[in-house]
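Two complexes follow with subunit A in common, the first pairing it with subunit B and the second with subunit C.
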Partner chain A sequence: MIAIIVLGLITFFLFREGAEFFPQNLQNLRLYRKAGLEYVGLMREQTAAHATLNRSLQDLRVRQIMAMLKAGKTQEEAQAALAEFDTYATQFDAAVGDLRSLVSDLTDEVTAIKEKAKIHDDALEQREFLLKEGKKTEADAVKTATVDFKAELAPVLATFPAYTAAVATLKQNLEVVLEKPLTLPVHEYQPRYKHFQNAVRAYLKTFPETEEKLKNWRADAPVPWWRSLTSFLFGTEWITNSFWQDWYGILPLLAGSLLVSIIALLIAVPLGVCAAVYVSELAQPAEAKFIKPYLEFISAIPSVVLGFFGIAVLGEHIRQLTQWHALSWISAFPIAERLNAFTAGALLALMAIPTIFSLSEDALNSIPRHFKEASYALGATRLQTILRVLVPASLSGIVSAVLLGFGRVIGETMVVLLCAGNRIAIPDFTEGIGTVFQPVHTMTGIVAQELGEVANGTLHYRALFMVGLFLFFLALFINWLAQTVVRKYKISIG
Partner chain B sequence: MSTSQPLSQEEETAPAQPAAPASPNAVDVENLDFYYGDYHALHGVNLQIPAHKVTAFIGPSGCGKSTLLRCFNRMNDLVPESHIKHGSIKVHGTDINGPNVDPIELRKRVGMVFQKSNPFPKSIYENVVYGLRIQGRNKRAELDEIVERSLRAAALWDEVKDRLHESGVGLSGGQQQRLCIARAIAVEPEIILMDEPCSALDPIATSKVEELIFDLKKSYTIIIVTHNMQQAGRCSDLTAFFYLGRLIEIDRTEKIFTNPTQKQTEDYITGRFG
Partner chain C sequence: MPTDTLTSPAPDLENPFQYRRDAAHYGEKATLWLIRTGTYLVLLAAACIFLQIGIKGSETVFTTHWPFVNTAFFTEKPSTLYVFEWEGKKHELSDSEFRAFKAERHVEDIPAESYAHSAGGILPCIVGTVLLVAGSMTIALILGVASAIYLSEYARPSWRMRLIRLAIVNLAGVPSIVFGLFGAALFVVYFKWNISLLAGWFTLALMVLPVVITSSEEALKAVPQGFREASLALGATKWQTIRTNVLPYAVPGILTSSILGIARVAGETAPILFTAAYVVRDKYPWEVDRWVDFFFQPVQALPYHIYVVSSKIPQNAYTERMQYGTAFVFLAIVLLISLGSVLLRIRLRNKLKW
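Presenting the complex of A and B:
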């Protein structure tokens, strides 16, 4: 009964703090459009894409130098060999010059508009506050200046011809650069250069689309209310305290949480279930008496201690392990980051094992003894009995044990905060096994990390409560699913 | 002769049986002393069970008849700390506690039906073929044939032929027990041990199982433990009476029920105790 009341109160307060997020975020998104940030944002994306290409070129340069140094050349020789490459890179970088300066100017202008709008809002709020307090004279003294977005934005929109000119130059420059054949001093990297060229071609193809978008952009186009929700649920960026625009998209955090949890379960499920099978079916009573309390003791270790262990011991050792020459055939090795999803996942697995173990063992023990006897009496070995009778018969219990373990893992905070690396980005899933060695940030981690630092009632504060609410419902859903599995697939044992 | 080591079934012994001398008896028990830990459960039991007959074990609860039955397929191996201190058990002339005997192989030759019907939570079909699948026999046509033959032999075919792929747990108690019998005979054992197979069944289901036992004795040696004196009288050829871990008397069933040699047997049968 008390549990239900507490659950109700938690839901109520999370909602009270979090629900305000949506109108505030909507306002935030509307301002993004009204003040022209969206317009300039499209151009910024274009320059940002160029910067990414430029970075990959720099990366290629560093790799080549490394390769040449390894091959026994001196630093000077390596630099000299790259002379042609460097001119190429400079040309590529310079190509975007016009567009970059235009975008930089416009960025200043629109952020200034946004700032004005904010000052205006703050002034309004202050006046209202003073009026409420009954200080009418002071309230009248607060100056407010309404922002005329249309007039403010006119000079920004007027730069469209300048933009088309800048893009034309960029396009021309890039085409010239592309035409130029380039032979890399380190031949094995030639395919990477080909790859780069293709990326540039793809980049050029996006130009007309961007131009079309800019042409059709209207500052007064309405932002529908549901954008507030979708930008939260499907937003791919979580950016706070930005001079430009704050984004509160849960996807990178959700992806991080899921990645860490999946790693944890991949480790914990086989270990936990096998340990349960071993203890309930194979172990001598003395062994079982020894193993059970020790496994269950793991869950008593404070998670901050585990996190400390992860930072000080596990992360470093895993990194050193990946530097072994014998493992260098794995493309992702050696790994760059000590703290990553795998480190956190491995520790979370440790925390999930007791849950999975205890519940699976209960499920196995609840199978009547006569199933086992029937199987043995037909000439089955122990392994056959376990695999063909015991595990299938207790599968619903094992599945629900795994789900509850999942719930335990996804709600865990301290370990992921300390060990997951805390980089807010959707992991790059194209990296194969390297994906699991990327630093990630999680939903629980971000709440713990940022909630202490935000001003009460701000959009950021509300957004964190929304993340909490999301976690809360996720946990409820997982528990519900676990119970449903048990109820629905429980085999009636005659 | 002493083979008292607690054999467990993960022993990797060769399944090959040493060539058994022809014996008219399915089971020979000599001087068997059996212990659960310190508890002396069977005292010097000597017993011959002929092939292709139904032998009933009767006696009050705790007299050791189920223990003896479970010695025949070494199910007692699963009970921790149980062991044979003296004596031997031979099945068709082979000492089943010998060092070269794999209990897994033994249990394929000596099937068992339990007191409580215990079909697996699988389909009827999968229940019957379980013993074959674990031997690695997976050919569909062969399995189909054996399923039909076993279910017919267990007098269950007509009742379940249209729902072979439904759960075996959904059957009635009597049907479940006959399914367990079908499962036991699917692997074609030589001997079928039945541990109070009818104790949980109603009279109609019981009579069906008894008829079945009568049919099965043509092909199998059957040893049945029962508390039901009428049942022993109705369907067995031989009856053995146990009391406090000792075999008191074994003889033809008519003889035991009409003119037992031992006073204890007579007292038990006439209902003076037990």
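Presenting the complex of A and C:
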């Protein structure tokens, strides 16, 4: 009885705190449009893209210096060899100057509008509060200055010709820069420069599109209600406490959680199933008597202790391991961050192994004896019996054990909070094996980290509850899946 | 004579049933060894953790002279560590010692590096953890045993029962951080208990409830049906039967498995992050003005303390002492509890036979 009530209560209260998120977020998004932040945001994107290109140029410079120093040149020689490159880089950087100053002016303007709108909302709220308390005179004393978005935005929109001019100069400058042939002092990096040129060309191609978008942009275009939901579920950014705009998109967190869990399962599933097979089929009775309680102990290690171990010992050891010369052929090595998805995943694997082990072992033990006997009678060896008869027969149990292990791993908080590196970004999956060594942030981690710091009832607070709600349903779904697997694919033993 | 062939068989004929050591044989051997290595790899990894924390932690917890245990570590509050040089000698003093040191030498200020939480002991954390565990297990046992009795003795199988069982199973799979969020929403915000012992108790109790319910139910089911029938035949009511003839025999089983619940309650950090735990409290939990305040005060807890000292302060030789010491004490407590549960279970299995 109580269980249902508790489950109901959990759902209800998470909803109660979380549901307000959607209207609030919608308001937030509407304000984003009304105050013209979206408009300027498009331009900001353009300058940001330029900045990214610029950074890659700087990166190229650093790499060249490193390569030259390695080749035995002195610092001065290396700098001198890069003189041509440096003028090129400066030119590239300066190209965006006009646009950048325009954008920074506009940024100030629209954030001011947003600030005004906020003050207005706060005043309204205060008045309402006072009215509720029955203090009418005080309520009237609260001044509310309605923000006339249209009038406020007019000067911002009026800068469109200035924008087109700035973009035109940018385009011109970049084209000049592109035409200039540049030979790098370190020849191995010439392809990278080619790559850079291509990126700039692609960047230039986006200009008309942005301009078109800006032209067609309307401050009074309605923001549909479902945008609030989609911006949460499919939003690629989780940015809080920024002067510009807060975004609450769950994707980076979900991606981080999944990455860590997959790493953990990749380690834990083979080992856990191995251990189960070993203990139930191969081990001596004394061995089994020792291993089973031992694994139970492992499952009793508190997660925060594992997390501490990851911070204090494991992270550093993994980094040192990747610095070994013997491993330098792996492109991702040596790794930069001590705390990353792999460190957390490895520790989580240790937490998942006992779960996977005990459930798989139960599944293996529940197979009737005569399955094994029949297999041996046909002349099969031990390994053949295990791989062809026992494991397939208990597969549904093993799969559900893996699913429950997955549930445990994705809901685990302290290890990922301490060891995953806590950088909110979707992992860059193009890096091959380096992907697993990137720091990530997870759903559980973000709730644990940020809930203590936010005020009750704010948008941020509600967003965290939405993340919790999402986790809750994810856990229920995984549980349901595990149960279904057991029920549906259980082979008939008769 | 043909007898010659009977006594000595042809030497070049092989026994066709003899075990052949070919590639398949070695392949099988190798795979079996791979499985064995995998298993022991897990054990080795865990042993590394136990040893690392055990060795480094025992440096803090134990001393080389009488009484061999670092009593200050167990009887003091955490405080800030000051590291400084004075007249050519290096000093490492805690907050109060540092102030006394300055007062003694009549100096206003000594330039010192300070490390928060790195000096003193962990008494408040131990006390807080004990309080949290005791309270939440009491609540969980009352609720859990009550619902287990209902489920195993009174309930008839129906769709409602199935739903309840499903809810229990699912409740066990809910992440602990979600329990923390829920506790924050219901107890801390809605009931306005703020961050308090009471909120922590209920949050943790609800978290272990599935464990307690399932294990209590199993213990009740293990009591033979004959006990109930005998009692009912003598004219006892159903409740009398349960009270006198079922519960007493199930109590050992219930207690044994709830020790596992204790280990889980003591080990969890996420649910108490925003329901019960504070980083620092000046007062001990029993130093309250009114007795009701006792329930509405936040506490320090061991797992939260480990979280704080491992994430909020840098890693170096000075802070290591506190970090490893706390982790060691905590790990030792939790492992001892689960060791106790394992031993009790073995004893119980041997003792109770119907």
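The definition used in the following text is that the second predicted complex is superposed on the first by the 494 of 494 C-alpha atoms of A that agree within 3 Å, B and C clash if a C-alpha of one lies under 4 Å from a C-alpha of the other, contacts with A are read in each partner's own complex, and residues count from 1 in each chain.
Definition applied: a contact is a pair of C-beta atoms (placed from the backbone, for glycine too) under 8 Å apart; a residue touches a chain by one contact, two chains touch by 3 or more.
As the structure is a prediction and not an experimental result, all values here were calculated from the model.
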Note to self: If we overlay the two complexes on their shared chain A, which of subunit B and subunit C does A:Gln58 touch? Say first, second, both or neither.
What the structure shows: neither
Between subunit B and subunit C, whom does A:Ala374 touch in the aligned arrangement: first, second, both, or neither?
first
Open item on the list: Quick check on the superposed pair: does A:Ala312 touch subunit B, subunit C, both, or neither? Answer first, second, both or neither.
Closed with: second
- Task: In the overlay, answer first, second, both or neither for which of subunit B and subunit C A:Gln197 touches.
- Result: neither
Exercise. For A:Thr413, decide between first (touching subunit B), second (touching subunit C), both and neither.
Key: second
Task = Classify the contacts of A:Leu295 with the two partner chains as first (subunit B alone), second (subunit C alone), both, or neither.
result = second
Classify the contacts of A:Val277 with the two partner chains as first (subunit B alone), second (subunit C alone), both, or neither.
second
Can A:Arg382 be said to touch subunit B (first), subunit C (second), both, or neither? both
Per residue count on subunit A, the busier partner among subunit B and subunit C is C
Original post:
Counting only touches as set out at the top, which of subunit B and subunit C does A:Pro285 meet: first, second, both, neither?
Top reply: first
Where subunit B and subunit C land on the same part of subunit A: residues 381-382, 384
Listed in rising order, the residues of subunit C that touch subunit A in the complex are 28, 31-32, 34-36, 38-39, 41-43, 45-46, 49, 52-53, 143, 146-147, 150, 163-164, 167-171, 173-182, 184-186, 189-190, 206, 209-210, 213, 263, 266-270, 273-274, 303-304, 306-307, 310-311, 315, 320, 323-324, 327, 330-331, 334-335, 337-339, 342
Seen from subunit A, its contact residues with subunit C in the complex are 1-4, 6-7, 9-10, 13-14, 16-17, 270-272, 274-275, 277-279, 282-283, 291, 293-298, 300-309, 311-313, 350, 353, 381-384, 404, 407-408, 410-414, 417-418, 444, 447-448, 451-452, 456, 464-465, 468, 471-472, 475-476, 478-480, 483
Within the complex, subunit A is touched by subunit B residues 9-10, 73, 75, 78, 80, 104-108, 111-112, 114, 116-122, 130-131, 133-135, 169, 173, 176, 180, 183-184, 187
So, in the complex, the side of subunit A touching subunit B is made of residues 285, 368, 370-382, 384, 388-389, 392-393, 491-494
